[in-house]
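Here chain A shows up in two complexes: once beside chain B, once beside chain C.
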Partner chain A sequence: MTKVGKERTPHNRGWQRLPIMALLLLFLAALARAYLFPGASAAGLAARVDASLAAGGVGSRVTAVLLNFRAYDTLLECFVLLLGVMVVWSLWRPDGAESREPAAGAILASLERLLVPLMIMVGSYLLWAGSDRAGGAFQAGAILGGAGVLLLLDSSPLLKVFPKRGLVPGLCLGPLFFLSASIAAMAWGGNFLEYRSPEAALIIIALEGAAAFSIGLCLAALFGGRPPEREAGDGRDRPSRDRGEFR
Partner chain B sequence: MTAVGAFDILLCLTLIWLAWQVLASRDPFRAVVLFISFGMLMALGWVRLQAPDLALAEAAIGSGLTGALFLSALRKVIGGKKDERRLDRDEEAQ
Partner chain C sequence: MTISPALIYGLTGLALFVIGLAGLLLCQQLLRKILAVNVMASGVFLFLVTIAHGSGALTDPVPQAMVLTGIVVSVSSTAAALALLCRIRESADHRDLSQKKGER
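Moving on to the complex of A and B:
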């Protein structure tokens, strides 16, 4: 890259970078100090998580933390993704629309017939495995989103399977379900976002399923970039991928 | 030094080098491709740190989907402005 870079960059502004360099070095030194002398927090929270894992409803520490002990973070992440889709949609301008589908060949078409079912399967497996192993809603959602991106690349006819009107409800499903389950937890005597042990496992699985679906839809919609109302007629709608989860 | 230790050190050095390449790259397309490969190696790093959840998320979101979003944004920003196909720019850059 330096070959390409050198001929175009003005190099006489190097001194302006010195303060930034100094700040970065300072930051690096602070990081190194925190790493080398961890202090009191070195033990981490693993012991406390392990102690309360039984009440969390799932066997995996990470899932228990993400969806029960610290579910607030995950809830906000879901809403952040939704917000991202809203921003992308509001920035959409129709003039760039035609540049979207260049040469989608037979290779891509057959590849997606091969890969999309596999991705739906792997995504569902990750969702299910998340309760006691590595995996979980975000990973599953990302893979579903990847399947959606693949379909969007050549605006596959498979996308028509997903009803256009289902898009916005589908995007909102995860965050809203999450929110309502958290509020319902208060009605059952817990705190906000606190799922008690007997129902916890079931609630968490349901939450993860809804969250993964919406996350996948959000990610694919981010890639599609086009709000649903504008695409009348030609049948190329964006998001779909996940319908396989329902069938 | 064990082979595993050597691998870890190599991985760390490669990550730092790749990160620098991403930042220093003048060609945005090249930077995006390097970013994707950085994400894949970073996922490997998370595996080495025994954080498979993070590794999965990094590979799927950090590398795959973000890379796809970057490429799509690149096409919208540069492709729209210059009105030339990405392939042409690649050839030109080399």
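Moving on to the complex of A and C:
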């Protein structure tokens, strides 16, 4: 670990980079050409979205795309988030990460008292606004995740409000609710993920709430980085630090 | 063809993508590679937002939706990559790829 922070550049590597640089410049030129002189199929999908917006259940076009027209993408992306948390948790080792002690201070504590209620309020507003203007589950989830990060930064006592056993069900709530709603749509005679117009608004609002909650929790859990500890008696030695986890 | 703000944004997005790609290919340190992937993702997001706005007054919601989900997914993939990096550093005691393959 003697070379940390320094790029290893032996003398003979400068000219080796040149062909790669040249190829990348060519690639950039090709991309720019494709952007500047688009073909005939570059009309976009705005007109098609507008044409079928009435059947989508919500007034906001972005929300309709996210949760109805291209709901398959959104469903898989919720699972990708869950997968990220699983990767981070399975790579966690209790004896690593000595440098996780945050410098908790009075400024952070007061900032947290000021901002976290505001962030929860703004997140809820964005969720509610998502049905007919800019906003929606991902924005609300991002802000809720930010609030969670702020709480994790000095392992706030507010985290104890959230039950330890509720973390995994909370993470899974959004994706599983999404999946079950899309399977239930088949029972009502549609296809997988096909919400018909009368019920669509209600389903989408419920889906958005669950998805935003789980997205926020996933983002905060990714920042926390460590899985919730099991109850006593699992045999592993337990570090005394409580930082960076949901307790 | 006139120079419009959208044109500048689009070309900047493409340039960011290629700069990130260069970093991904040419940097040896793993942390720099992760940052380079993030630069690439920023370029893609900028480009997608630009082409969503491109077609006149009617904005295209499909690229906007892709950016929204993409930002959240890129955060999660970055976190997974950083966790992998920490694990590599703990177990192998090196942070770049050069020491594994000998001097290259």
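Everything below uses one rule, namely that the second predicted complex is superposed on the first by the 212 of 247 C-alpha atoms of A that agree within 3 Å, B and C clash if a C-alpha of one lies under 4 Å from a C-alpha of the other, contacts with A are read in each partner's own complex, and residues count from 1 in each chain.
The working rule: a residue touches a chain if its C-beta (ideal position, glycine included) is under 8 Å from a C-beta of that chain, and two chains touch if they have at least 3 such contacts.
Worth saying up front: this structure is predicted, and the values here are computed from it rather than measured.
A.B. asks: One more residue to check, A:62. First (chain B), second (chain C), both or neither?
C.D. replies: both
A.B. asks: Who contacts more of chain A, chain B or chain C?
C.D. replies: Between chain B and chain C, C touches the greater number of residues in chain A.
A.B. asks: Who does A:46 touch here: chain B (first), chain C (second), both, or neither?
C.D. replies: So A:46 only meets chain C here.
A.B. asks: Based on the superposed arrangement, let me know which partner A:143 touches: chain B (first), chain C (second), both, or neither?
C.D. replies: It touches chain B, and chain C stays clear.
A.B. asks: For A:219, select first, second, both or neither according to whether it touches chain B, chain C, the two together, or no partner.
C.D. replies: Both: A:219 reaches chain B and chain C.
A.B. asks: Pick one for A:36: touches chain B only (first), chain C only (second), both, or neither.
C.D. replies: The second partner, chain C, only.
A.B. asks: Which partner does A:135 contact after superposing on A: first (chain B), second (chain C), both, neither?
C.D. replies: first
A.B. asks: Between chain B (first) and chain C (second), which does A:126 come into contact with in this model arrangement: first, second, both, or neither?
C.D. replies: It touches chain B, and chain C stays clear.
A.B. asks: Once the two structures are fitted together, what part of chain A is touched by chain B and by chain C alike?
C.D. replies: Residues 1, 4, 8, 62, 96, 136, 138-139, 142, 219, 222-223, 225, which sit in both footprints.
A.B. asks: Spell out the part of chain A that touches chain B in their complex, as residue ranges.
C.D. replies: Residues of chain A touching chain B: 1-2, 4-5, 8-9, 62, 96, 99, 102, 126, 133-136, 138-139, 142-143, 145-146, 149, 219, 222-223, 225.
A.B. asks: Spell out the part of chain A that touches chain C in their complex, as residue ranges.
C.D. replies: Touching chain C from chain A are residues 1, 3-4, 7-8, 10, 17, 20-21, 24-25, 27-28, 31-32, 35-36, 43-47, 49-50, 61-62, 64-66, 70, 73-74, 77, 80-81, 83-85, 87-88, 91-93, 96-97, 136, 138-139, 141-142, 215, 218-219, 222-223, 225.
A.B. asks: Name, in rising order, each residue of chain B that touches chain A in their complex.
C.D. replies: Residue list for chain B touching chain A: 21, 24-27, 30-31, 52-53, 55-57, 60-61, 64-65, 68-69, 72, 75-76, 79-80, 85, 93.
A.B. asks: Where on chain C does chain A make contact in their complex?
C.D. replies: Touch residues, chain C against chain A: 1, 7, 10-11, 14-15, 17-18, 21-22, 25-29, 32, 47, 51-52, 54-55, 58-62, 64-66, 68-69, 71-73, 75-77, 79-80, 83-84, 86-87, 90, 93-96, 98, 103.
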